[in-house]
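Take a look at the structures below.
Okay, so subunit A shows up in both of these, paired with subunit B first and subunit C after.
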Partner chain A sequence: MFKHIMYYDWLLLWANRTLAVSVSLLTLFTAFALWNGAQHVSFQRQTLAVIQDSSQKTSSALQAAVHEIEAGKPYTGNAFQNPQSPYPIGANKGARFATLAPEPLALIAFGQSDLLPYYYRITMTKKQSLYHAEEIENAAILYNGNFDVAFVIVYLVPLLIIALSYNIVASEREQGTLAMLLSSNARFDSLVLTKYLFRFALVDAAFSVVLIVGLLLARVNLVEAAPQLGLLLLTTLLYAAFWFALSFAVNSFGRNSGFNAAILVGAWLLLVLIIPATLSVLATTLHPTPSRVELITTTREASDAAKKRSSQILSKFLEDHPELAPKDKQVDAKDFAVIALTAQMDVDKTLKPLQDRFESQLQAQQSLVRFYRVLSPAVFVQHTLNDIAGTGHERYATFNAQVVRFYADFQQFFVKKIFRQEQMTSADFEQVPAFRYQKPDAPLLGWSNILNLSLLLALTVVCAGVGLRRTARLQLVYAVA
Partner chain B sequence: MITHVFFIAKKEIADLLRDKRLRWSALTLYVLFAVALFSGWQYFTQTKPRHADAQAASYQQWLAQGSKNPHSAAHYGFYAYKPVPLLAVVDKGMDDYLGNAVWMEAHKQNNVSNRTAQDVADVSRFGNITVGFVLQFLLPIVIILLTFNAVSKERESGTLRILLSTQTSGVQILVGKGAAAFAAVFGVIVLPMLLVSAGVMMLAVGGQDFVASLPAFGVWVLFVLVSVVLWIALGLVVSASVRESGAALVVLLGVWTLGAFFVPRLSGSLARTLHPTPSAFAFNEQIIFEKANGVDGHNSADERSKALEARVLKQYGVDSLSQLPVSFAGIALQEGEESDYLVFDKNYGNLFQIFQRQESVMEALNLLSPVLAAQSISRALAGTDTDKHLHFTNNAEQFRRVIMKTMNDDMRDNGAKDKTKRDFGYMASDELWHKIPPYTYSQPGVGFVLGNQVLNIASLLAWTVGTLGLLVWRGRLLKP
Partner chain C sequence: MLEAINLSKTYNTAIALHSLNLYIPAGEIFCLLGANGAGKTTTINLFMGFTEPTIGEVLVGGINVAQKPHEIKKLIAYIPENVMLYPTLTGLENLAYLSGLSGTAYSDAELVVFLQRAGLQKEAMKRRVGEYSKGMRQKVGIAIALAKHAKALFLDEPTSGLDPLASNEFSRLIRGLADTEGVAVLMATHDLFRAKEVGDRIGIMNAGHLASVVKAGDVSPSRLEELYMETILQKHAQREAA
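Moving on to the complex of A and B:
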């Protein structure tokens, strides 16, 4: 019997072109989203390639210049630019870049990748500049959000599902076929369930095929990205199942199709907009991050203070770090580099509590969102998709933490040189620390994503259960009412 | 004729006020309005004093520099903070994604940076609830729910036939229903919300500043009303044209969703692809290159400084720089600044042109939906959009140039008086720092905003006039 239902449902969908239109739209949207994502990712990759190229060139040019001096050619330029002197190298010319390369599936979700910096220029001075780094982008584009695959999945797929299913029960009544169905031998609830399952299977299969073909066309190495792809398909499957189940539950109340459509679109609006926006207000109200404006004022105050008492700071510093004093001579307390560097380290120390508060408050906001996101599958599906793409908050937080540690290492290298009054040798240029992003050990399918997906499954089961129970109770009276 | 419209409207209002849909949707909207207004009020009352205090602190730090070479002071510089406009209470617009502060220092035009969005949880990317959002995005849904079956239910229950068989024309029926819906939506939802918003704004800044913002707020209210009229007309047109109520609802929700969710992302993504924004790295590298080699790439800084030296020596009729009665460093620094202006004007000009081209793409696509044009106009009037941001950016840069010129001119005039402390050895005193006034920024007026929004205003009005035209046309064709 189910074969019959599916066959006739297929004929029906085919005849009224609903399916053809839905699948074509889905293909079109996904294609555009993938193309848009691919553009963005290739722009980031190109930018990183240019940066790597240029910083390599600068570094080898400096090394070559020192090599020449070592070979006996005297340096004639400005003393502040001397490549043998560690201060100008560490403070400006020998800057290193800390970069975060896009992951293989980055093109499916922009996440925070268009907003947060994915490269930093690191010098030994101005740790605070890390907090002011940002990529140039038109605010209107950031505000509008991106047309990426995650948008198609989180926002558009549910709408298509609603369009395909909002009147499955109601239309039977509106066409007058319901009475016949209810009085026949076949169980009406299994008939409706079959229709839902059939449409769900069609939508999910179509979307999965479109997605895989699209990713292949976008030249993503799917073998390498197999775990991510698997999780992507699983998430999409469960999310689509949830929306079909919700639609089933709404339909089972036996109201007319207009009412069903309004309720479903209302639910959609609640999940994709109202809950997330309210969560955002809640998070920023309960855990406000300190303002960057405050950071600016405090930095200036700290720098001014540090400059005024630089000699004091220096002697305190040398007490704490006797190993940094040169072996056979005194640290030159009048040396510009020594003064500037000690002042900077003092500023770093003063700012640390404030900078830590940025991280801790943002972390608190994020935890609050993590906790309450159970209220909206749209939010946690978006989070899971960001994790798959490697563009979520966590990855950027890890990157930033590593950048701050790297800054300390980089500074330390030059502090030793400057305090010991050593010069940069051509061999030293290879010893200057270089940044490498360390991928955390956490598995892709961590407990938080497992929790999300189980929750999605639970919601689906509950909705489908309500749908089944209520459809089974639909009486003939309803059909003719 | 008027009496017919009046009677229909009177009956419809009575119906609507009894209608559960109005009660429940108004209640939901009020809850969201409360969240929106609270968050707008909080944003304004926290950010405004923060920026004002920081601005004052930055100026105090500038004044307290003590004895210093003017060029060191120029390097120290100070910060300009973008003041938060009062109307941000009702429409925060893109403020989270626009920078807040710019460092005005020697040799560099810095970007206005420090976006709030980087410091808030990622869930904010789903969107923000503002009063403007409630009135321009969510209110249309309420209007849709109230109007989608306004005509079709009369048809379905057969009352339309009776109505049309009296002296009443189809146009009168639709106009009467429209007037009733407007009165109900305005009286129950819009007016109270506007009054409360105005009250909160007045409490936030006091009467005088509130009065100063009244013209912008007045125009803002006007556009809110235009969009209410537009959505009511659209709801009635669809209700009169589509046979089944359910189908009418689906069509209307489709139009709404398209504008609220689909087009913005589509237009943003298209705009970026058609007119790509350069990376910050590439942008800065280009500026560094042009500063060293001249805007045309053929005039190196070295050559420029040699030519300047020769010119100055000739002008003062002396043979060496040490014989000059003025500080050559001061002249050279100002000359350097001025040649850098060309570089900044060109590069920032190009960048802002890219932004403007992107905006044009988005504006063109805004024609697809009236919600988007209304949203753009709203945030422009609130002063939370890109145009106002660029206005601030340019204003701050002009101020930076005044600081630099004052410092360099002082060095030129006084940096050679004491022969033992020439140029960078010369120390200026507090008097010079006081020559720079505190930085203030005043927001452009309503005229500036309307001038920038011509296309959006035209698009919103075209939608409104077009829909009203359709309403009359459908009214004439109205059949039972």
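Moving on to the complex of A and C:
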């Protein structure tokens, strides 16, 4: 019986071109999103390769220059460019890059990766630059997101599902075929459920095929990305099931097609646009991060103050860090590097509360969104898709924390040399700390994502339950109406 | 085959059907005559299990409809005033789909036979139903009843809007079903002439009551018309007096 209903539903869908149009649009959107994602990730990879190459070349050149000086070739250049001087190396020329390589499926949800930097240029004097990035906001991208696969799944797939299912029950009544169906042996609720299951299977299968083919064409190693791909397909399956179940529940009230379409589009607006936007506004209103203007102003004020009382700061600093004082000579209080570095460290200290506030507000924003994500499947599905792609806030937070630690190590390396008035040797270049992102041990399908998928499943079961229960009584409603 | 025992149906305070007692044996065509709102469609809805009786019982093939609404679906077929089918499917596909829902899968050749028996021209069978006339759709409806091997057939104003030739052809097909297949037919109609021509018995309904029942062979068309008018006017007068 199921096969029979599915076959004729296929013929009906095919004849009125709904299916062809829906699947074509889905294919087109997904293909474009994959292409867009592939371009974006390719650009990221190229950028990281260039950075790596340039960083290595610069380091090698500096090391070679120091080697020549050590071999007896006198240095005749600008004193502030001297490769043996640790200050210019640590403050500029010997900058290291902290990079976050894209995950295998990064192309599916690169959404706001241009707001969350995937590399930082680390010098010993620019810690505040790590906090600038969060404020480089492109309002259009923040509102719409990028056209990636996650956008197709979260925003467009529900619309296609609505187009394919809003009138499954109502159309039978409106075209007059309901009487013939109700007088057949088939149970009406089973018939409607079969149609829903069939269309759900069609949409999910079409999307999965297009996605897998697209990923292969984008040269993604599907074996390497198998766990992520599995979770992606499972998330999409459950999200599509939720929208079909919601449509089933709405149809089961026996209203006309127009009413059903209005309710479902209203639900889409509420769940996909209004609730996520409201959560975003709430998060930034209730827990605002310090602005870039505030950061810059405080930095300047702290720098000015630090320069004015540089000798006091230096004395205090050496009291706090006696291990940095040179053993057989006095610290040169007029040394530019010592003055600049001491001032910078004082600025860092002054900025610490502001940076801590920034971190805690960001955490609070994320906690608020995480807590209230239950209000909209779109929010928690986006959350899971970002995790699958490796573009989620948690990964960036881990990266940023590692970058901050790395900045401290990097700075410490040069601080020792500057205060002890030691020169850079060619061997020192091998010792300059280098950043390596440490992937956290947390499993891909952590508690957060298990909760997301369970919520989605629970909502689907509730909606499908309402649909089944009410559809079973629909024939009586229709006959009396 | 079809039996109503003290059957009543009330919607809120309005009485749609009042104490109907009726038995239609296999092979008989029972025509229900009556004005709009007389209770004809309510009677058919009760027999088909589309609505539940307020009082009384409905039996199809001895099965209580209210208790086993899905069981009786195997025994019945329904042809409404307007048989509406899927316009993008052909007549053959519509028949295959709707007869398949009743649990029997037929080959195309068997389906063609059902459609031919229902009187549909062979060249029309593979055309989309969207191009069909009302009469052609009614024939597909009959083919569905044939394919289902229904024991009881409910017709609700089936010849309304059909031209005399198509009506005559339709009546002939229904008569054939009753005579050759032993199908019990309950037909609601406004058409006195058609009821007299096709029916074995004729019931005249008014305001939810089955006012009188006559054998079609025992009355002339003019007497049937008199009886119909008398019943309606009598009830009308009673209502006026009340």
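Keep this in mind: the second predicted complex is superposed on the first by the 463 of 481 C-alpha atoms of A that agree within 3 Å, B and C clash if a C-alpha of one lies under 4 Å from a C-alpha of the other, contacts with A are read in each partner's own complex, and residues count from 1 in each chain.
Just so it is clear, a contact is a pair of C-beta atoms (placed from the backbone, for glycine too) under 8 Å apart; a residue touches a chain by one contact, two chains touch by 3 or more.
Predicted model, so just to flag it, every value in this text is computed and none were measured.
More residues of subunit A are touched by B (comparison of subunit B with subunit C). By the touch criterion defined above, A:G176 lies against subunit C but remains apart from subunit B after alignment on the C-alpha atoms of chain A. In the superposition on chain A, contact of A:A61 is made with neither subunit B nor subunit C.
In the overlay built on the shared chain, the residue A:I296 is in contact with subunit B alone; subunit C does not reach it. When the shared chain is aligned, subunit C comes close enough to touch A:S184, but subunit B does not. In the superposition on chain A, contact of A:I450 is made with neither subunit B nor subunit C. In the superposition on chain A, contact of A:L216 is made with neither subunit B nor subunit C.
After overlaying the two complexes on the shared chain, residue contacts for A:N146 are found with subunit B alone; subunit C is out of touch.
Per the touch definition, subunit A reaches subunit C in the complex via residues 1, 4-5, 8, 11-12, 15-16, 175-177, 179-187, 191, 475-476, 478-480.
Taken together, the subunit B residues at the contact with subunit A in this complex read 32, 35, 38-39, 42, 46-47, 50-51, 53-54, 57-58, 61, 79, 81, 93-94, 96-101, 103, 111, 113-129, 141, 145, 148-149, 244-250, 253, 257, 261-262, 264-269, 271-273, 276-283, 285, 351, 354-355, 358-359, 362, 385-386, 389.
Per the touch definition, subunit A reaches subunit B in the complex via residues 32, 36, 39-40, 43, 47, 50-51, 54, 111-112, 115-116, 119, 132-147, 151, 155-156, 159, 163, 167, 256-259, 261-262, 265, 269, 272-274, 276-281, 283-285, 288-289, 291-294, 296-297, 300-301, 304, 358, 361-362, 365-366, 368-369, 373, 378-379, 382-383, 386, 392-393. Within the complex formed with subunit A, the subunit C residues making contact are 11, 45, 48, 50-52, 70, 73-74, 76-78, 80, 82-89, 93, 96-98, 100-103, 105, 141, 144, 148, 154.
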